[in-house]
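Two complexes are shown next, each including chain A; its partner changes from chain B in the first to chain C in the second.
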Partner chain A sequence: MFGGLKERLQAARNRLSSSIGAVVATPVAEPVVPHLPPAAGTTEPEKTAAPGFVEKVKVLVLERELIVSDKNIAEALSELEMTLLESDVALPVTDAIIISVRKNLVGRHRKIGESVDAMVVSALKSALLEVLGKGFDLKEYINTHPRPVKILFTGVNGTGKTTSVAKIGSYLHKQGFSVVIGAGDTYRAGAIEQIAVHAERIGIKVIQHQEGADPSAVLFDTVQYAISHKIDVVLADTAGRFHTKSNLMNQLDKIKRVMKPDLVIYVDEAVAGNDAVIRAAEFDRTVGADAIVLTKADMDSRGGAAISIAHTIGKPLMFLGVGQSYDDIIPFDPAGVVDELLDGA
Partner chain B sequence: MATNTQQAEQRELMMLQQYLKDYGQQAEIFVEQLNLLENARMEAMAAIEALEAMVVAEDNTVLLQIGGGASVRAKVLEPEKVLVAIGAEVVIERTNNEAVEFLKGRIMEMEASQKKVSETLDKLRAQMNEINKRLEFGYQQSMAGQQAEE
Partner chain C sequence: MLDNLSSSLKDALKKLAGKTVVDRAAVDELVKDLQRALISADVNVKLVMELSKAVRTRSLDEQLPKGTNVREHVLRIVYQELVRLVWASTEVRLEPQTILMAGLQGSGKTTTTAKLARYFQKKGMKVAVICADTFRPGAYDQLNTLCTKIHVPCFGNPAEKDALKITREGLVALKDHELIIVDTQGRHALEADLIQEIIDLNIITKATHRWLVIDAALGQQASEQAKRFHEAIGIDGVIITKMDGTAKGGGAMSAVAETKSGIAFIGAGETIDDLERFDADGFISRMLGMGDLKALYEKATEAINAEDVDMNAMMKGKFTLRDMYKQLEALNKMGPLKQIMGMLPLGNMELPDGVYDVTSTKMLRYRIIMDSMTPKELDEPTLINSSRMSRIAHGSGAKPDEVRELLKYFKTMQRTLKGLRGAGAGGGKFNMQRLMKRFSGQQ
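And then the complex of A and B:
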């Protein structure tokens, strides 16, 4: 997963480490500006955060430490920026990462002999964690909300919505929750049979109507079934749609009015990269989304969508689809993903 | 009237057919993805060829395809400066050599992705073959059962 990004980040990490490691033992002298008393009526300007020459020497001689300056890492940061953009990490997210890394490194006191790599990894980790957000713990959400918890799945066509519904159903089933699936994709040929077969395989009840039926009615029935049978979670599948198709978006509005979902989940594929981020933002604007599921993450070498989506639309990433079987869905764990990207860190 | 066993067999056969259909649809998506990757790879290779030819072309003149099989001779003003979409909808200016290196890197990435998608597709096809065998066996058993009853 995200192999290309991992390789690139490794290279950027080495570059940053060597830039900081190459900081000369004697700080470069800076031009001495004579200190003049402030003119009458003016206040003395605030001291800037950047350490001056005297301070640098003092720190080096007395504390045997070096201070990392902006100049030391400017080039390496520029390379990191290119690395992230080439990995399809959205521009605002790239900017946020660079700002965070710079903030964490510039002005840092480094003991002579202290590992530079550890310092760089820590800065990268914290920058990535900031943009990845906290993730979304579905189990905790279900445990802390009135049952049935109604979850509506939306997204564009062919990204693996129905399979994701089945995988999440299987995941929740294994966590001990009772689940019912509403076959709300009454539009695509074979979609009802597909979800019915999935449901049978994983031992979950599915509520279905005929092909072409009103999806709102199917999902209303599903919620009623869940209430009367004291089911914990309703997973509502819907037909894939683009946000530009007004008739289908109106249908989605009706579904939301009728079934009153607790969570609206946007499903897209990680391999779509920045397109997935843009589509998620459009969907969030038009119908709203509470969390994101990215499918086919195992085939995505760049990782741009996974890194960018939470920060860009401000909604958490909930699951990553990583394969064909029902167990191939993993709750999104930002710390785990960052550790994986900065392997061995 | 069909017995319970026959009904169960029929249900299993129908389920296997549905699995097969489901896997078939997934395989179609992966084939489509492979085609997209291949098209993008070919496009990148053509771009490398054009970039390399541009700098050695006499008078910086190249043939520019304008669609429908028609081409015009066009003069490239700055063959050493190339605008490259590096990702995340960001376009930056690079030298001709840097652009070629970038595209070569992208081609390697696409080939790695193609390999991964092909492996998944192979796995899917193996599963489909397995289901096909089970279906065939099921049909034969069902036919044999009907003949025995007659």
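And then the complex of A and C:
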């Protein structure tokens, strides 16, 4: 993931740099005005000696300040906007990023010595980092909290909750934690069989009831099992549901009351478009979300959903799902991603 | 957010409403709002740009048809251009065939396979399914559970790892079935082995149809994914799933453009009956958040059927006050008039806000008045002379003039229905728009 976005951001960045660069290349003929002497008491420490004539010229030519105007970058910004939209960054989020980049650049005094590219990169970087926030270190969380750490997985239909439960179970298992899975999807046909097969393959105990049973009861039993067997982590799968169905959302509420999760993880897919922000916001509002897992990032997605969701609910991205094997999961590191997106000239 | 969007689109349209000369700036503003609405609905960005360019050019170049205002003119163009995108209809025939299901992981193939089995079974066909998903844990259990409930045979073997082998065996085992649906595992464009697998499945099944199942929430990836599937097996229809959420299905529109096919079905729920044939009007209206004539019609027909209005009698000219009472009740069930108006395309009627209240109040008044009539009067309205009229007025706390107005309204309704019959219009859908106009006092 992010490969496509990276390429496109690179283009947008070049474009922005050259728009600003063009301003530099055609400087307005200005009369040479001598520097005003600093007001009394504000002498700059570095400039103790009075500058000679040559120094003065150097300052005027090389450090003359340049003001970036809205007009300079309008076209480049609209290109950046297209890039973000084509990468599935939701419209309102795209608007926010553009505003932030514009605010960062327009009216800024740029010294000729400063590289245009560096300036653009830092504007884009801070806009993206602002959006992505910090990651979430699950291992660290488990290590610093009383056991069992109970984790509830939620999200709309088919996004990859069950598979992510299996992947994270396998990940934690390999890190030396003991794990039990609760088969909390008692609704969808084949759901219990699905999680049971996964659990068996990765060698993790699964607690299950019959199809149609009360999911709260299954998950309650799972927690009890974890307590009595001194298990480190409870991973609770749930049925997919739409945020628009209040009965199903109430059911999640009940699950929460009964199993009292330490973490609620919202699972969505990297290929989701604008709806990603709407449903993430609804889930966050109704059942809450402490962190996000974004799946299907292997589908050549440009990663816009990551940016959209993180920006909308302001919760950290914990893992990226990048395939259907148990190892296809990577802890998310925003700074790394942003660096990677914007590295190389 | 989407509400804001569609209302800004509506505002932009409103600006064009009173105009009789096309205003460049207003058209530009509208085109910009249209772009934003479509992009928010996940239509491919390039497609949106092409489409909005066409709308702009046509709006400015084409002559304003006589008797239309600029808003109607532009709205018609917007609508035409959008319909063109999803226009290709995917004919669904009730004849022997094999349908191959394809799509991304988790898009809804298995659920839709069962829904389709149900759909064709209800149409009287002998249906069976094959589970060719040998990868996903529980895939066979899932499909088998769904099919068992509707008594449709499901061929598969969770222990087998070779999808081609299962499919070959299944085709033999199910050869006396008319319609076979092959469910496959999820895959995406970059998985070369799996793309090859579906190419092979298409060859051995000699599939009549290859339908691409698309999640309504799929974003800008839709075009590229659809393109790869199309190159591989020649997609000839798209099914949009999960339309019961808030996603608008623009990705499916991109997929249709990419495969030059049409949308066959819409899935809107998790249960087996939640499958509908595609309807362009409804889809586009929902996408733009701008009202839905079709939905109104269906809702109206449904409400009326529920009340057992004797359409046949009505069409024969035997339309009594009793029938009208039922109609009013049906309308009332459909919700506040304002909401009903929202479902109509903005084209021909936009009423000042106050009117809605007056008219729904009037509907209520009419019903109260009719509650004071005797069964005989309801069946034979001609019986109502002036003395009966004052009795009814007294009983319902209305003025005699209101009773007169009601009877006048009844007569126009009766005439309208006669007119319908004369024009040979069948189907029992009375003219909702005219009815609305009458309620709102426009006619």
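Note that in this section the second predicted complex is superposed on the first by the 269 of 345 C-alpha atoms of A that agree within 3 Å, B and C clash if a C-alpha of one lies under 4 Å from a C-alpha of the other, contacts with A are read in each partner's own complex, and residues count from 1 in each chain.
Here, a contact is a pair of C-beta atoms (placed from the backbone, for glycine too) under 8 Å apart; a residue touches a chain by one contact, two chains touch by 3 or more.
Computed from a predicted structure; not experimentally measured.
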Open item on the list: Given the alignment on chain A, is it a clash or a fit between chain B and chain C?
Closed with: clash
Open item on the list: Which partner chains sit in contact with A:Lys256 here, chain B, chain C, both or neither? Use first/second/both/neither.
Closed with: neither
TODO: For A:Glu193, decide between first (touching chain B), second (touching chain C), both and neither.
DONE: both
Open item on the list: Which partner chains sit in contact with A:Arg279 here, chain B, chain C, both or neither? Use first/second/both/neither.
Closed with: second
- [ ] Have a look at where A:Phe242 lands relative to chain B and chain C in the superposition and call it first, second, both or neither.
- [x] second
Task: Per-residue contact with chain A, leading partner among chain C and chain B - done: C
Open item on the list: In the overlaid three-chain picture, which partner chain does A:Ser301 touch, first (chain B) or second (chain C), both, or neither?
Closed with: both
Task: Partner chain in contact with A:Val156 - chain B first, chain C second, else both or neither - done: second
TODO: Once the two structures are superposed, pull the chain A residues common to the chain B and chain C interfaces.
DONE: 82, 85-88, 90-91, 158, 190, 193-194, 196-197, 271, 273-274, 298-299, 301-302, 304, 324
TODO: Could you pull out which chain A residues touch chain B in their complex?
DONE: 3-4, 82, 84-91, 94, 158, 163, 190, 193-194, 196-197, 200, 271, 273-274, 298-299, 301-302, 304, 308, 324
Task: Contacting residues of chain A [partner chain C, same complex] - done: 82, 85-88, 90-92, 156-160, 187-198, 201, 211, 242-244, 269, 271-279, 296, 298-302, 304-305, 324
TODO: Sort out for me which residues of chain B touch chain A in the complex.
DONE: 15, 18-19, 21-22, 25-26, 29, 33, 86-90, 92, 102, 109, 112-113, 116-117, 120, 123-124
- [ ] Could you please specify the touching residues of chain C with respect to chain A in the complex?
- [x] 1-2, 36, 39-42, 45-46, 104-108, 135-146, 188-190, 215-221, 224-225, 242, 244-248, 250-251, 270
